[in-house]
Every structure is written in structure tokens, then in C-alpha cells.
Amino acid sequence: MEYLQFLLIIILSPLVNGIIKKLKANMQGRRGPGVFQPYYDLIRLFKKNMVVSNVTSWVFRVTPYVVFSSAVAATMVVPVISNNVAFSQMADLIALVYILGLGRFFMALGGLDAGTAFGGEGSSREMTVAVLVEPMVMLALFTAAISAGSTNLVKVTGHGTAFYTPSHLLAFSAFLVAIIAETGRIPVDNPDTHLELTMIHEGMLLEYSGRYLALMEWAHYIKQVLLFTLAIDIFFPFGLTSSGDALSIVISTGIYLVKILLMAFLMALIESTRAKMRFFQLPSLLGGAFVLALLSLLSYVMMGR
Amino acid sequence: MKNWIEVFSIVDFVSVGILLTAVALNGMRRLESSVKAYAVNSWLLSALIGIVAFMIGEFHLYAASLVTFISKGVVIPIFLRKIVREMKVTHEVEPYISNALSLTISGLLVAIVYASLKEGIFITGFSRNVLQISLAVILIGLFTMITRRKAITQVIGLLFMENGLFLAGFSLTYGMPMIIELGVLFDMLMGIIILGIFAVQIKRAFASSDLDKLTILKG
Amino acid sequence: MITILLIPVVTAIICYLLKGHRLTGYVSMAGSLLLALASIPVIRDAFSSGISEAGLLYMDGLSAYIMSLVIFLGIASAIYSIHYIDHELHVGLIDKDGIRRYYGLFHLFVFTMLLVTVSNNLALMWIAIEATTIVSAVLIGLGYTKRPMAIEAAWKYIILCTVGITFALLGTFITYYASISVRGTEGILNWTELRKVAPGLNPSTMKLVFIFVLVGYGTKAGLAPLHNWLPDAHSEAPSPISALLSGILLNTAFYGIMRFLSIVEPSTGSLFTGNLLILFGLISMGISSVFILVQENYKRLLAYSSIEHMGIISLGTGIGGPFALYGALLHILNHSIAKPLMFFASGMIQAHYGSTRIDRVKGVLSRLPFLGTLTFLGALSLAGSPPFNIFISEFTILKAGADKGLWPVVGAFLVFVVVVFYGILSGFSRILFGNSETETQGLRIEGSGAVLQRIVMFVMAAVVLILGIWIPDFIDSAIWSGVRSILGEGVR
Amino acid sequence: MNSELFLTAGVVFFFLASLVSILRPNLIVYLFSASGSILFAIVGLYLLFAGPQSLDIKLISGSALEFSFGGDALSGLFVIIISILVFAVSLYSIGYTSDMKNKGLMGLLFNLFVLSMYGVVLSKNIITFLILWETMSIVSYFLVTFEGEHKSAKAGLVYAVMTHIGTAFIIALFLLLYSYSRSMELSTIKATASNIPQDVKDIIFIFSIIGFGTKAGVVPIHTWLPRAHPAAPSNISALMSGVMIKTGIYGFLRVSMDILGSGPEWWGITILIIGAVSSVLGVMYALMEHDMKRLLAYHSVENIGIILLGIGAAMLFKTSGLYTLSSIALIAGLYHVLNHAVFKGLLFMGAGAVLHATHVKDMEELGGLLKKMPYTGLFFLIGSISICALPPFNGFVSEWLTYQSLLLGFKNPSITAKLLSPLGGAALALTGALAAACFVKAFGISFLGMPRSSHAEDAHEVSISMISGMAILASLCLILGIFPGTVTGVIAPVSFLITGSYGIPSYQGLIFISESSAGLSPQFLLITMVVMAIATIVFIYTVGGKRKITFAESWDCGIPSLTPRMQYSATAFTKPIRNIFKRIYLPRRELSVSYIVKPFFVKSIRYSGEITPFFERYLYEPVVNIIHRIAGKVRLLQSGSLHLYLGYILVTLILLLVFGS
């Protein structure tokens, strides 16, 4: 039963995005679309015919499937509501990051395949952001992993009460920035814009249509919730059941949903209070986050906790 | 019987004379005079050899003295003068440095030789000083070669070196086997003759007997 | 032994009488081959035990070793000369008269070097070495061409060497004198007998002797800072003669030093002689490496490399001990195969491009593939890189140095070797690669002479390569008997 | 059956190949080489599992020269690695060299090169090692200058000189070792290494970094690498970058970890830092290269750095006595050696195939090749994914292991090690991200989009032999990626030899490190992803049913039609990174605009920019200049004046008289 917990992420991810949109709208004094809008969009896209550029090669058409299935594969090793995930032995942080990396690699290739300037620009900026984010994510995760003595997610989550230490708070703030960058949110990227000069993630998807686009978007939602869940698992690892009985599962599901909602609220808050940065100002933000991660590691090494 | 002391003093006297002619070479202005100096130097050398021969009564030393006199004292000087003439060079020696300085330096060389050839190297024989002298002559000859501009003067310097060498040879060894002496002598002669020919060639090829022109090959 | 000495003289006379007939080259080749045949039994005996003859002549392992090198290079150079001279005649650099003079002097030159190796009497050895100077000077300067540069080179060569060698004679005299004070009655110059009384000789006298001999024969062997005649002479001489000069003449001069070494060492102790030799070796390597680095003329570059290798040999001799000497002797062999090969090659390049300047020559590899390849291999060998022969001897010497714990020497050696590698390789890669736009006067390659020329060079290149990966036993034993004749019996 | 037999047979095969190559029928030559490599692989297996006693050959000649061949597990592993690559490259070369001028020479040198590499890792005494080491360098030098152009000659010169400097250091360190054991045999030296004083050990260690590092190409002595590899023919660059530079790693391991045993802590720290710097700088410079082969060459620097990260961690652990962990880290390093050999060989072959088909190396002139050369494109993509360490291919496993060993570095007692090893991990992460960016560029620009030049327009797929060569390595990329347990099992004897512990218990498809209870199963990843992909497709068709795809122009903002020149160029792609890291790149750009009517009507705009080659400009050029200036001064000694020369004689004599006697 709890081996299927990853389906929770896959199914809920559009909803979470809808909720964030709604919250943003409300904070900005708009009504905004309903929280279930992303589902309607996906289904409509699945039903549409597709227009594909005749410049593209098979890489372009394989990309959506790789991106989507890599995102899904990543979710399978993450404890959502129960410590008792499928293949718990391979529930590995580093592996997780690199699986997502595979998705990004193909997305960037897909962006280049159509031979348009926008796609190229999108993938170029995506890879640049990745270059800045990756070390920081790793350092943040290292702090957690070292304190848990393992890179295995189950071990990390099992090793509780970690988040009172300063090193973990630092690591968490770094990881938060990482999430913003990875999910393409303000101030790094603007998920709602289609203005060519500013877009990163949308730029790569420009040539995609119909079900390909749907898969890409969905994969994006999944990645977002996955990262939320990761943050929760690592930095607020309480409320996960290890027993399989229905009650505890219900309880922990409830706790999980609350946490996710909090994350969503946080995101919406940040997005509506911050303005989008110029692309070449990003290094200062992400560099700062890197320093936070470094400090967390340092403080852990120095204080031993 | 011979009076050793006297002979000693004579030997020293003659060898000092050789040294002086060598030093004097540095004072010479004209080519002819330096050739003369060489001739005198060679006569003194053969005389010394003669004395040594007389002392130890070696026949072949008399011969050697004679050969030396003829080759070095007569043939070579004539040959040199002939070259000097046919090269029609200006008869100045044209040294790089003033005669005074070169005289001082040659004096210095003698000092260095005496200082560096310490006691305990030459114990036996009458030639205690002669080796020093001969080495001094050799060095002075070399020094002359360094300071003189003309090809022909270099030959003269080389000849002085050889005289010094012979002086050393005879005084140290009372003469070696005849064949060796002859061989050495022959070699020397050949060398000088070849050098003479070359000197002429240089004069032809470089339109000057100045060795300064011989600096095409460098680096 | 007498016959060995006579053959080249006779050959010389015949060649001279032939009045520059086209066949002269083949006659001289026949002469040198005959010489080789005649010498084989003597050399074989000499390797096993010393032979003395007529009081003045003596052969042991060392002399046999050097002699066989002289003879081998004599043959190679004679064969190479055939087409070389032919070509010179064709382009009008030489006339009939020049040809007869060239071959006559060539064999006289060989004769004098043979005489050096067989003479037992030190003064006789001196005479022979001086004679080599005179003959080779004439070969360079008046051999056949009267180019001013050749004359200049010859003049410097003869003056410097005669001056230098004067001191060697002085040293010889003093040795005789020192022997008097031991024998009491009358002195000796026979190496074999001096060897017996060596330990009794007066140390301070012998120190003086060694200084004079080192300066004297060192000048001839091209040890820096007495080397200055060498680049000029080697670059201006006709290539076969340059090959002989740097391939073996330098070694005969150094042979003289080795002979004296085994007389001087017993009394003065190996520290004095060793340090002097090491000092001269390092200075030679240092100076030559710098000059190689900035050299613009490839024949001069080769000449400086000869200085470097003489330095290495002197270093090995100075380090002392059987293995260092083994290395030094092996190095003599390797160097006198590789260097002549390079001079032969450069002679052909010069004939083809009409210039010895590095920047005038380009694309040898693409234009003359065979020659270019040999040059490439030879250059690498001279640069001391495996799998070529010279590396082996260098490494042996280094190893001996490490055995003695002479780390500063080893370090300096390595530094200089690297610099030399850079210099030689950059120089020759500029020659070998690229495509030349300079029009060339072309190289005639028809005629049996040309074929022989190529065969000889190919054989030498093969030897260079083979000795780098395999030292045949007869060479090994030959070198050991050479070492024995320096250090005395009982070694190995 | 003993291994001498196989060895001799292998050597014979390669010599046959060399001989045949004079008659230049390519097929036979390289088939000989391929079969020779198989025989050598068998020898390697012997050494790996039957132990060192299984091979011992001595060829004594003279008193100065003694060849002695043999080896242990370490040699065995490297022999196998070489064999894998040689086999593939041989097949590839059949087609690649077919239309080469003087290919006979090519075949000869190729086989000699391979033999010398085998010899290096199989040599058992100092002189054998040195001779074969330098032979390898010289033959590869010939191969670099094979094209014979001025450029390649220069590259070759730089390569030969730098590697010779390295060799000088190696000679020095071997002489030091020799002087303490009085023996040329490496085994004896190892046995007596304990009586070498520590400071001498330190010197030897530093020398081994410089000497072997030059060959391996660690920053800052890497500068020959990006020159030599592009200059060489591609099959050779595959060998050079794939295995030759690994002999440097071999030598380093042999001297610093096998012979010297464990050193003080700063040894490991040094290697860790060198590794981190090399990996980051290597990939950064690679990112700025648009010449495909130069790019790959810089990636070799990066990967050597990654390997050194593993080795450095291993040294640290060994110092602090944590032998199991040390073994794990070493396995990580060696695993990456194997992987890099495979995918870098593959990538160089791919670049060679592109070069062969289009005659250009510059990406700005390529594009859209995936349609023209489907197989090459596929294999190049696989290689790219592997080198970016993305699952489920081989690079991922070794980098994961490296991460693990770096994180376990926290178990070291000293604070420095505790701190530095995770930072090494961060460097590795940065490297990974940059590498991904770099290969998105490399593959995307040259294989995707529209052709940017006529060269790319009329490209064609290459011959079957080249494809098969690439196919072998491509499939190996996958196999080595999804059977990690097997590979670690093969490497285990080596790490046991050096660290005395087997490290990871090897399950067939799974790695599990009990020290950090971290596990990895690429098989699982692969299967899940495939299943998920299928599930997705099924899902889509159930939801959306069958929909038709219409092909059309790419979105062109209403401009009549997109031209290839409107595509994103490689330069543009890397622009952001060039900007962000300008402290490192020191980019210089000039923009020249020519107007018809200033400032309104622009005739043309020329933009040219380049990054500063830091080490060449600020490290090497000054040194060389100084040397040449000194040399120029010294030249005055030979002024041509005879009098001066005579003066030298006089002065020398007087000095000797005064001081000598």
C-alpha cells in the first residue's frame, strides 16, 4: 500500500500548482483561476493535435517521455507519508539529483532541436542556472547526509530532530533558494510570462504542443512537489509513519498535506513580494545561497551538530 | 771536472735570459724586432741544451741543440721574415693594450707561476727554477697571442710557447729518446709552416692580416 | 699492428696519385674496407689481452675499442664521401686537384688517429694527436675549397688546439720527470711501465701533470670553456670530415686523458681527478645546452651537441667506478654512431637546400622522406630520449652518480639534458616540418654512390635504434675490457 | 596454458600488424591489432586474478640494460582497460585511416604505440619502465605530428618537451628510490621502501605528482593536452585521451600508493585539491572551446581531476587507517578510469567521424548532423550522457561512488580532511553541472537544429567499421553503467593490493556501501524509467486517444523563414557562463561597427571575442622568455674573437694552477 505513496505526488502536483496560483492571485488582489485549472489544461492538451517543427529530430520527440519518466522515477524513492518506500535501499539523495539532471539535460536538448533562437536561449539559461544551483543543492544535502551519516533518504528522514541545529537552518534556507531556482519561480524566472527575452523554462517548451507540452508541464509540476517533499523530508522529518496501518497512514497524510500547503503558501508569498531579477543578477542571489550552504557545512564541522 | 756551482749559475743565467727575451717581446713595436727577439730566444735555448749536453755528456743532446739552432734559430726566423715581407703588412705590431700594461701583466704571470708551482714538486736535478721559467715563457707567449692583432704575431707567440716547452723538456728530462724529439720538432715545424700558409691565405681571403676580421663565425 | 698503420698511408698515397679520377672514391672505400679486414684479428686479440710491439706500440681493450670505432667510422665516412664529393664536383665546389687532396688527407687523418690509439709512448701519442690537428686543419681549410669562413675556422682550430696541446706536452715532460724521481736512473714515457710505478709517483707533481693534460687534451676534446674552436671547425668542414671530427677525433683526444687518468689516479687519488672531470663535464653540458637552445644553424647545433656529449663522457669518467666508466665508454660508442649519422644527414640537407641556416630549410620530411625520417630518429637519439642508444649510456652514468650519492650532479645533469632536448627538438622540428617555399638546388640521387650513401646511413640509424634496446654481448665484453684497461685487472 | 604464452602471442600479433602495415591493407593490419588486444586482455585477467607470479619475463642484454616484464593486479586492470579501447579503436581505424595518405606508416606507429602502452603498465623494473614510457611519448609525438602541418608540429613540440620534463622528474624519483634499495626491480624497491627517510619520501611524492601529472594532464601542467589531442588523427586522440594519459595515473598509483605506501596527511589533501582544481578548471575551459576535439581534450583534464578526487580520498583514508573506506575511494577512482577510457574513446571516435564526414571541427559550422549521421549521432549522445554522469550510464556510477567516498571523508579524524572532502564533493557537483552544460552545447549545436554550413549540409554517415567501433563502446557505456557490482568485483583485487581491503561487497547489479548504508541500483532506475515511459504512453492514449502530428516550420515570429544563421550559436550558448565567471576567463571582446550614415545606418558589425589562456600567458610564456633572454646573454661568450678564446684557455689554466694543485 505505502509502496504507492509516490502516486500521491504525481496526482496532487497539478493541484499544488493551482493552489499556488490561486494564493498568488489572492495576495495580489485578483480572483484568479480555480485550483483545479491545471488538470483541465492537461486534459485539454492531451486531447489536442500537435504541430512539430520539421527541423526537429527524434530527440525532440523522445524528450517529453524522458523528462516525465525521470521525474516519476525520482518520486518513487522519496518517502511521502511513510518511511517505508519502495526500494528503500536505493532511496539515494545524489541519485535523485542526477535523475532530475537527466530530465534537464534532455529538456535543454529539446530546446535546441527546433533551431530557434528562443529554444537556444532557454536551454542556455537553464544550464547556466543549473551550474549555479547544483553545487549549492549538493552542499545543502551534504550537511543533512553527513549529520545522518548516510545519503539514503530513509536514513536521513529517520534521523529526526535535526532541524533545530543552526547548520540545518542554514542548509534549509539555501535549499529554499534552490527550490525557487529549480521550479523557475520569481525572482529567478517568471512561470507566467511568455515574453521571449525573460523566459527560461518556457523558452525551451516554446516548440512543444499538445500532449508533449502536457507531459513537460506535468513533469514540471511533479518536480516542484517532489522538491517540496524533499525539503520536508530532510528538514522537517516528523509525522512520517513507519507502520502500515490505515489510521497512521491517514494521519501522516494529513500532516504531509499541511506541510505541503505551508510550502505552497511560502512560495506564493515570496513570488508576490519579490520582483523578478535581471538574469545577470542571479549569481549574486545564488552565490549568496551557496555561501549559506557552505556556512551550514562549516558550522556542522566546527560544532559537530 | 766541471764546476757544478758555476754551471748552475750559468744555467740559471741562460734561462733567465730566455725569460727576459720573452718578456721583452711584449715591449716590441715592430714585427721585425719581435722576430729578432724570437731568434735570440731560440739561440739561448740551443745554448742551454748545449750546456746540458756538456754536463751529462749525452751525444744526442748535442745533436738536438744543433737541430734546435738550425730550425728555430735560423730557418724559422728567415721563413717568418719572408712572410712578413710578402704580406706587405704594416710593420707595426698593433697590440690591443699598451705595451706598458702588457709588460706589467707578463710580470704578473711570472709571479703567478712562481707562486703556484710550490716547493715539493721538483726536488731533484738542477732545474728547480727552470721549470718555472719555462712555464712563464709559455704563458707569456700565450699572453702575446691574446694581445696581438696580427696573424703573424700570433705565430710568433706560439713559437715562444714552444721554446718554453722545449726548455722545460730538456731541462726536466735531459732529453728524451731521439725519435721523440725529432717527432716533436717535426710536428712543430709542420704546424708553423701550415700556419704561415694560412696567414697568407687569410691575407688573401680577408684582404687584411687583422684577425679582427675573423669574426664571421660566432654564436 | 704495423700493417694496420701502413694500409691507410698507402691508400692515401694511391688516392693522391690518382689525380682526382672518379674512381678515387671507390679506391678509398676499398682501402678502408681492407683496413677493417686486416685489423680484425689484432683487435680481437687486444680485447682479450694487451699486445705490445716495437716498444712504442701497445694495444689493449681501450685502444682496441677506440680503434674499432675509428675504423668503422673511416669506412662509413669513406663510403659517404663517394657521392658527397661527386655532388660537390657536380655543383663545382671542388676541382680534380681538390679531390686528390681530399682523399689523400682523409686517409692520413685516419692514420694519425689510428696512431693515437696504438701508441704506447705518451710523447708519441702526443705527436699523433698534434698530427691529427694539423691534418684535419688542412682538410677543413685547404682541403679543397678556399672559402673565407673555412679558412677562419681552420685558423682558429689550429691555433687553439696547438696552443692547448702544448700544455699536454708539458704535462708529458713532467710525467717523465716524475718517473725519474721514482726510477732513480732515467725516466720513462711508456704507459705500460708508468702504469706499474704509478702509485709511487709524487702526488703533487702528478696533480700538476693532470691539470696540464686536462687543459691540453681537453681543448682538443672540446671541453668547455676550451671548446671554442669546435663549433666553427665542425660547421665549416665538409660533412664527412665533420662526422669524423665529432664522431671520433674528440674521443681520441679524450682517450689521451683516460690514459693519463690511470697513471695519475693511483698517486693523487680519484677525488682530485674525478672532481676536475666532473667540473669540466658540467660546464660543458651547461654552456652547450644554452647554445643549442638558441642556435640558428643546424650544423653548429650538432657541433654544440658534441660538446654536450663530450661533457657527459667526461662526467661519467669523473664519477668513476666500473659502472660509470662503462657508461662513459658506451656513451662514446653511442655518440660516435649517432652524431656522424646526423652530420651525414645534414650534409645531404645542405646539399639539397644549399643552406645550413635553420630558417632557410623547411619540410624535409615531406620533401625527402627517407632522409627526413633518419634525421628525425637521429635528432631524438642525440636529444637522449629512449628507445634510442644514447639514453642507455646517459642513464647508466646517472645511476652511477646516484650510487655515489652525487645528487647535485645528477640534478644538474637532468636539467641540462632537458634543455638540450628542447633545443635540439625545436631546431630540427623547424627543419623537418612545414612546407618549404624556398626553391632548392635539388639533390642528385642517381648513381651507385648515392645508393651506398643511403645504405650506410640506414645501417647507422638501425644501429642507433638497436643499441637502444639491446646491447650485444661482444660489445658488452669489449666495453668491459676497456674498463679493465683503465681501472686495471680484476674488474668484472 | 600460462600467460607468457598469451603475452608473446599478443606481441607477435602486434608486430605482425606492424609488418603488414608496410603493405598497407588496412583491414588485416587492424584485425591483427584487435586480436592482439584480446590476447593481452587475457594476460590482464591472469594478472588480476591469478596474481603477480603468473607472468614473469626477463630479457637481459649487456650490463646496462635488462628488460623485465610482469605485473600485478594493478597492471592487470590497466592492461584490460587498454585492451578494451584498443579493440574498439582498431575496428574504427579500419575505416578511419582508409583514405589517409601514407597510412602504412600510420599502421606501424599505431601498433608500436599500443605495444609501448602495454609495456609501460607491464614493466617490472625501472629501466624497462623508463624506456617504454618515453617510447610511448615519442611514438605518440610522431602521431601528433603525423599530419606534418606547421600547427601540429608546434603542438607536437610542446607535447614532447613537456612530457620530457615530466620524464626527467620520473627519472629523478626512480634514481632516488634506486639509491635506497640498490635494486632496479620495482618489487624489491617496494619491499625495502620502509627504510626510505620521510623527507625523501616527500620529495619522491612531489616528483611523482609533477612527473606523472604532466602525462595525466593535471592543471597547471595540462597545457600540452588541448594542443596535442586535436592535432593527432582522431583514432589516436581516442587512444591518447582514453588510455595514454591514464598511464600517468598508473605511474602515480604505482609510486605513491603502492611503493611508498601511505604518507602524511598533506599528501592526500594535495591530491584532493589538485583533483578539484583540475576538474573545475578543465571543464570550464572545455565549455569555452568550440573546436570539438579541443573541447574533448579539456574534458580529459576534468576527468583526470575527478579520478584524482577519488584517489586523494583514498590516500586520506589510508593515512588515517580506514582501509575499507580507502578501498572504496580507490575503487571509485579506478572505476572512473575505466569509464573515462570508454566514453572518452567513444566521444573522440564520434568527433573523428564528424571530422571524417564534414572535414570541420568547429561547431559553429556544424548542425543538424543527427539526421545525416543517425548512428554516429546516437553514439555521440550516449557518450555525452555518460560523460555528464547521468544515469543509467557508466559515468554516473563512478561519480556516485566518488561522492560517497568524499562524504565518508567526514569519518577522517582531522578537521581539514573533514572539511575538504565535502568541498571536493561540491567541486564535483559544479563540474557535473558544467559538463552537462558543455555537452548540451556540444551535442545540441553540432547534431541538432539546422546545418550551419555546406560542410554540414552534405555530410554522410561513416563506414560500417567506424560505426561498429563506436557501437562497441556505446554498449559498454550502458553495460558498465548497469552492472556496477560486477565491475567493482573486477577492480576489488587492485584495491586489495593497495589498501589491503576489498571495500565493497559486490552484488551483480547493486552497489551497497554498508559504511554509509547508501545503495545504488542503476538497473532499477533503468527498468523504472522504461516502465514509466510505457505506462505514460498507455495513459496518454487512454486519455487523449490517437492524435495526428502535423509538421511545419519552427515558430519564426512572422519572419518569412528562419535561416540557419538565426540559430543560437555555441558562442551565444556559453555567453552567460562566460559572463558569470569572467574572473576566471578574463574574456576580451572587440566590437567594430562600420556605418553607412553614422549612427543610423549600420553597414556591418564585427564581433570578436576570446578568453585569456591563463596559464600560457602568465606561467609559461614568461618562463620561456626568461630562458631565452639568458641564453642570448650567454651567447656572447662565443663572440668569434680568437683572442678571447685564447684568453679563456689562459684563464682556465691559471685558475686550475692556483686552486687546483
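Per-chain numbering from 1; labels A, B, C and D assigned in written order.
Methods note: a residue touches a chain if its C-beta (ideal position, glycine included) is under 8 Å from a C-beta of that chain, and two chains touch if they have at least 3 such contacts.
Note that this is a predicted model, so its numbers are computed, not measured.
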>> Can you check which chain pair, A-D or C-D, has more C-beta pairs in contact?
In response: A-D
> In whole angstrom, what separates the CA-based centres of chain A and chain B?
Replying inline: 101
> So, what's the distance in Å between the C-alpha centres of chain D and chain A?
Replying inline: 35
> How far is the middle of chain C from the middle of chain D, if each middle is the mean of its Cα atoms, in Å?
Replying inline: 44
> Using the average of all C-alpha atoms in each chain as its centre, how far is it in Å between chain A and chain C?
Replying inline: 78
> Of all the residues in chain B, which ones touch at least 2 other chains?
Replying inline: 117-118, 142, 145, 154, 214, 216-217, 219
> Where in chain D do residues touch two or more other chains at once?
Replying inline: 635, 638, 642, 646, 649, 653, 657, 661
> According to the definition of touch, which chains form touching pairs?
Replying inline: A-D, B-C, B-D, C-D
> In their complex, what parts of chain A are in touch with chain D?
Replying inline: 43, 46-59, 65-66, 68-70, 72-73, 76, 87, 89-90, 92, 94-95, 98-99, 101-102, 104-105, 108-109, 111-121, 123-125, 127-128, 130-135, 137-139, 142, 145-146, 149-152, 155, 206-207, 210-211, 215, 279-280, 283, 294, 297-298, 301
> Which positions of chain C touch chain D when the two form their complex?
Replying inline: 155-156, 159-160, 163-164, 167, 204, 207-208, 211, 214-215, 219, 225-226, 228-229, 231, 272, 276, 287, 290-291, 293-294, 323, 326-327, 330, 363, 365-366, 376, 380, 385-387, 391-393, 395-396, 398-399, 401-403, 405, 410-411, 414-415, 417-419, 421-422, 425-426, 429-430, 432-434, 468-473, 475-476, 480, 492
>> Looking at the complex, which residues from chain C come into contact with chain B?
In response: 56, 121, 123-124, 126-127, 130-131, 133-134, 137-138, 141-142, 146-149, 151-156, 158-159, 162-163, 166-167, 169-170, 173-174, 176-177, 180-181, 186-187, 189, 202, 204-205, 208, 231-232, 235-236, 291, 294-296, 300
> For chain D, which residues are in contact with chain C within the complex?
Replying inline: 61-65, 67, 127, 130-135, 137-138, 142, 145, 148-150, 152-153, 156-157, 160-161, 164-165, 168, 171-172, 175-176, 178-179, 182, 627-628, 630-632, 634-635, 637-638, 642, 644-646, 648-649, 652-653, 656-657, 660-661
> Where on chain D does chain B make contact in their complex?
Replying inline: 635, 638-643, 646-647, 649-650, 653-654, 657-658, 661
